[in-house]
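Order of writing sets the chain letters: A, B, C and D. Residues in each chain are counted from 1.
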Amino acid sequence: MIVVMAHKASKIAIDRVLVKLDEAGFNIHLSQGVERTIIGAIGDKTRLNDLALEAMPGVEKVVPILQPYKLVSKAYMEGPTVVKVGNVEIGGDSIQVMAGPCAVESREQLLEAAEIVRRAGATLLRGGAFKPRTSPYSFQGLEQKGLELLAEAREKTGLPIVTEVMDPRNLDMVAEYADMLQIGARNMQNFFLLREVARAGKPVLLKRGASATIEEWLLAAEYILAEGNRDVVLCERGIRTFENYTRNTLDLTAVPVVKYLSHLPVIVDPSHAIGKWRFVEPMARAAIASGADGLLIEVHPHPEEALCDGPQSLTPDNFNNLMHKLKHIAEVMDRKMGSLQ
Amino acid sequence: MIVVMAHKASKIAIDRVLVKLDEAGFNIHLSQGVERTIIGAIGDKTRLNDLALEAMPGVEKVVPILQPYKLVSKAYMEGPTVVKVGNVEIGGDSIQVMAGPCAVESREQLLEAAEIVRRAGATLLRGGAFKPRTSPYSFQGLEQKGLELLAEAREKTGLPIVTEVMDPRNLDMVAEYADMLQIGARNMQNFFLLREVARAGKPVLLKRGASATIEEWLLAAEYILAEGNRDVVLCERGIRTFENYTRNTLDLTAVPVVKYLSHLPVIVDPSHAIGKWRFVEPMARAAIASGADGLLIEVHPHPEEALCDGPQSLTPDNFNNLMHKLKHIAEVMDRKMGSLQ
Amino acid sequence: MIVVMAHKASKIAIDRVLVKLDEAGFNIHLSQGVERTIIGAIGDKTRLNDLALEAMPGVEKVVPILQPYKLVSKAYMEGPTVVKVGNVEIGGDSIQVMAGPCAVESREQLLEAAEIVRRAGATLLRGGAFKPRTSPYSFQGLEQKGLELLAEAREKTGLPIVTEVMDPRNLDMVAEYADMLQIGARNMQNFFLLREVARAGKPVLLKRGASATIEEWLLAAEYILAEGNRDVVLCERGIRTFENYTRNTLDLTAVPVVKYLSHLPVIVDPSHAIGKWRFVEPMARAAIASGADGLLIEVHPHPEEALCDGPQSLTPDNFNNLMHKLKHIAEVMDRKMGSLQ
Amino acid sequence: MIVVMAHKASKIAIDRVLVKLDEAGFNIHLSQGVERTIIGAIGDKTRLNDLALEAMPGVEKVVPILQPYKLVSKAYMEGPTVVKVGNVEIGGDSIQVMAGPCAVESREQLLEAAEIVRRAGATLLRGGAFKPRTSPYSFQGLEQKGLELLAEAREKTGLPIVTEVMDPRNLDMVAEYADMLQIGARNMQNFFLLREVARAGKPVLLKRGASATIEEWLLAAEYILAEGNRDVVLCERGIRTFENYTRNTLDLTAVPVVKYLSHLPVIVDPSHAIGKWRFVEPMARAAIASGADGLLIEVHPHPEEALCDGPQSLTPDNFNNLMHKLKHIAEVMDRKMGSLQ
């Protein structure tokens, strides 16, 4: 960490900072330039936030130098981490596609969707039983009934299930049915939920918050790893910007950045990021070309009847075409499409 | 709602939309221009999201016309709503200032802070017992012990207490001590929490999410009102933008906008929005001049020793000066500073 | 266009809007619902901005329905438009890569760079003679001397030249040397410059402004086409968001969106968008996979000696590797890499 | 500046950085920690950008410590700078209000507007003769005729004139009529224009770009001061964010921040920032309460007939009310409203 003192900071102000850093066990390097005094401090970075140095008189700013996370970083473990969900490995040689409807709506809809995505080559089934909705008047999910239907679909297709948990009070119920627990974008900084989900002992799919920096996203993953659960898959799903032709702006550069900073696998959800089915296929291709380990794609047997996110769902035909195209992109990346054994 | 059909949409595509809208009970107006067919539909706006019209072939876009919320709107109730917390009225003639430390750290710190803010004229005491922190290695709050200290501070000063609830499992515990329950910015779209807090029967302070539009913020409030709890105070606390000299960008225009759209009171938290104590006073003045009903201000007896958010906390002296200045601004606005009876 | 009247707007207010629209030659459809009166108007959309309807009493909002641009749209011309620069066709079957240093620094540097990129397969040479720099103390370009060097490099390699024009007063000079005129991101809404450059009769490379929506970008292109110059290539180069690990956020979804809305070619500049060479290769791959017609890539013989944007420039070896990888991605997209005849 | 070397950077990589810094005349401090080597360098900060250190092998990042601007900073001159336009002083004790229509439309409209704003207490007249418009089909201004009308209005009212210059080729013409030259938001980084306008020897009103950080805005001002023109007034006019209820997000905190960092005066333009007249009055009050030196307000005798920005223009009555309210806010701030002698 670097502490930059204000122009003309008094000697006593400088000394008070030095004493505080010293008492906190930091090694100190002092540089007194013509314009400013600058203090370098090397020590336990995780204690930095608790020092409140910027509140001290004469301190202009504190510049952190090292990354604030540890367990998720490449410096801690080279990786890559491979996360196993049922027999499906995420983060290894194979590209895994999680697909299915936004929300579980009915037995018929879910089983039809599951069959469609399995046949097209998806290796995990996604579907929401609890739905976070901006308006209280929108469909909120089938809850336990939805979970039971997901389990039935797994039975019939062999696809492991990924579904969202929104409330720690429902965690046991969701964990009983799901193979992988999803933390939604709105809950990325729901720290109680992060900790509880971590402890459930299942793999976690951690979506990036719509206004979260990559650093904050990795810190949210750090919460999970710090509880002893290393099976975390990150999912880029768009960030909020001024551009409003698409629902959010898919930040695909986050894929190689996460691969550079962390050992965790990262997948991409173009459906939610964009909000319009028409652009899902090109961005799914681009995601794999950028180095992503997989995709989360919304597919609905009849998008125009969907109770949730129909406009961004692919029809069965469009999903088939997408999977076909992805196969070739995967080959260029020296990878192959995943398959259920 | 307006449905804009694509250039050259087929007659059958148009007819399918008309049938769907008709079956859903909408009144329909059809305009066939040279370039586009446009369908106007009047009916129950709350069902719009569930129709998935944008997923239908030939539909280019759906433009909502009316506001998606109801109970929070001026059209539903002229207002202004006055929310009573203990004897303190928020949203009436008086400007109410909630002040105190970011986190409850110790008995000594809290009681000293409470005494300071009461003497300077604050009418509510704020302090966190549960703290949402970006890093798992930062101080996370004293939890129940913190709540007990807040209750003791209320005992000694007469100030009602506002504190954050982050997890529905702690709600009963927090509600036992608090006079007003705060929903933090990170939880603004934690819909389970919104509903549970609404049912606790206490006034709610609803902070705006850092990436929430004003419309989404009002929809979050709608969740609470829809549970029968009308005692909601909105709190603007900055939105996330590209500007990084300040922590967030305080969107003060949201104050008159909320006053125009809704009957609910709105206050401003410049401390969290800005993150630097130096700019809290001018923006607190500006907030009152923009029409806010009150403020949420971080005050710490010794900011440089704070375990949380020291850099943005005012010293007792600075808080005194601020309260003095606010008095005059309030007068210009034909209001007065609130006081405990 | 839809005019939404305020709740309880008076009959006289509604009538005044109707009269104004009628006088302006619009066809009118009136819908009087329980809550609101809504007026649909069909006519010359380009006159809409000049009506100031939102300033009229009783008008709540005006919702435009049709796109505000014309000549750049698919509705005007199906396309795709192919822009020819020298013998190089942009927007056709071949992927074209424009490469070279950020700034022309010296004869030696430029000729070396030109040779490197030509040999690796680039088909256009980029290099700045005039440099827009945030700080007045940074290197601002070699100006005319730089243009002469670019012409010499073209002579030696056969590569057509693309270079930026920043000031209408230099346009004649730049146009004398350049094969394609670049409008930089900061000048995307410099409307005088757009018009002048359009009239120079050379192909134009129009970069997206860092805070421009896709619609505003297309409207900037409309300025050029409206002057009779149809040879416009659009270039996505990142938008400004809260994420600061990368310099800007590359909005790759803009590629398929532009392809859907317009007949113009679109290329991608990952170097400027990201600002770190390490992530240029994966995002260049992703750009082609998303459907882009080409790339703009910064290459420097010795990035660590560059006077401008060294951190984002590829070394000759890295550029070679990139071109190799792109070949395979292009094939998957049923395209081939461009070549000089 | 701090150079952070990558984890496990080689000794030779570190040495190359040290040699480069030494040759560039920097004083060096080396800190070798367990995890990283960190190099502190003190010297001429303005040369930093040209060193391309981040392109060197083994360099992870470069952290600038000092501000990149000089002449605009408080460290260079305590200030406050008072800018004189005719007899009107901006940045002194008095609050100055520049008001008038967005665009000069006709003799009648302008003279009426000028008379209205003068009588209400404005001390400068604003009006555009050249208008930057997003669409090529919108009204683009009366050009020279508009400038002549502005001069006539000054003749009749005594109000000095502020108007925008968009193109260096028109500078002489505009400077012949105007008392103060405005650089619009879209041209804040049109560096050729900045330099030329600086040399015209008239006071400059520099609007903040919609996606410019405060630092970039001050660097744009530095371009003007570096040409020897110190008469610069900064104008906050909203930044682009995801919130779309208002046109832009007025970043009022920029006012006290600029006052802290610079000696230059700063005013606020709520009309353009917000885009809806209804919210102009509360935000004008807030601007003065935040410490602004003045305002730029759009006033039109008949907003519903305006050719440009009618929806955000105040009627004469609303402007009168605003000026009345501001008087009291100014008093609280120990200032008074400006007046023509």
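By definition in this document, contacts are C-beta pairs under 8 Å (C-beta built on N, C-alpha and C of every residue); 3 or more make two chains touch, one makes a residue touch a chain.
Note that the coordinates shown come from a computational prediction; the quantities given were computed from them, not determined experimentally.
Colleague: Counting C-beta pairs in contact, does C-D beat B-C or the other way around?
Modeller: C-D
Colleague: Compute the centre of every chain as the mean of its C-alpha atoms, then state which one is farthest from the centre of subunit B.
Modeller: Farthest by centroid: C.
Colleague: For subunit B versus subunit D, what separation do you get between their C-alpha means, in angstrom?
Modeller: Going by mean C-alpha positions, subunit B sits 31 Å from subunit D.
Colleague: Which whole number of Å gives the spacing of the CA centres of subunit C and subunit D?
Modeller: Taking the mean C-alpha position of each chain, the two centres sit 26 Å apart.
Colleague: Whole-Å distance, subunit B centre to subunit C centre, using C-alpha means?
Modeller: One centre to the other, that is 39 Å.
Colleague: Quick one: which residues in subunit B touch 2 or more of the other chains?
Modeller: 211, 240-242, 244
Colleague: Flag every residue of subunit A that touches subunit B in the complex, lowest number first.
Modeller: 46-47, 49-50, 52-57, 68-69, 132-140, 166-169, 186-187, 189-193, 209-211, 216, 219, 222-223, 226, 240, 276-277, 300, 303-308, 310-311, 313
Colleague: Help me check something: in the complex, which residues belonging to subunit A touch subunit C?
Modeller: Counting only subunit A, the residues touching subunit C are 211, 213-215, 239, 241-246, 249-257, 260, 273-274, 278-279, 282-283, 285-291, 325, 328-329, 332.
Colleague: Show me the residue ranges of subunit C that touch subunit B in the complex, using the header's touch definition.
Modeller: Touch residues, subunit C against subunit B: 2, 4, 7, 27, 29, 31, 33, 35-36, 38, 40, 42, 63, 65-66, 74-75, 240-242, 244.
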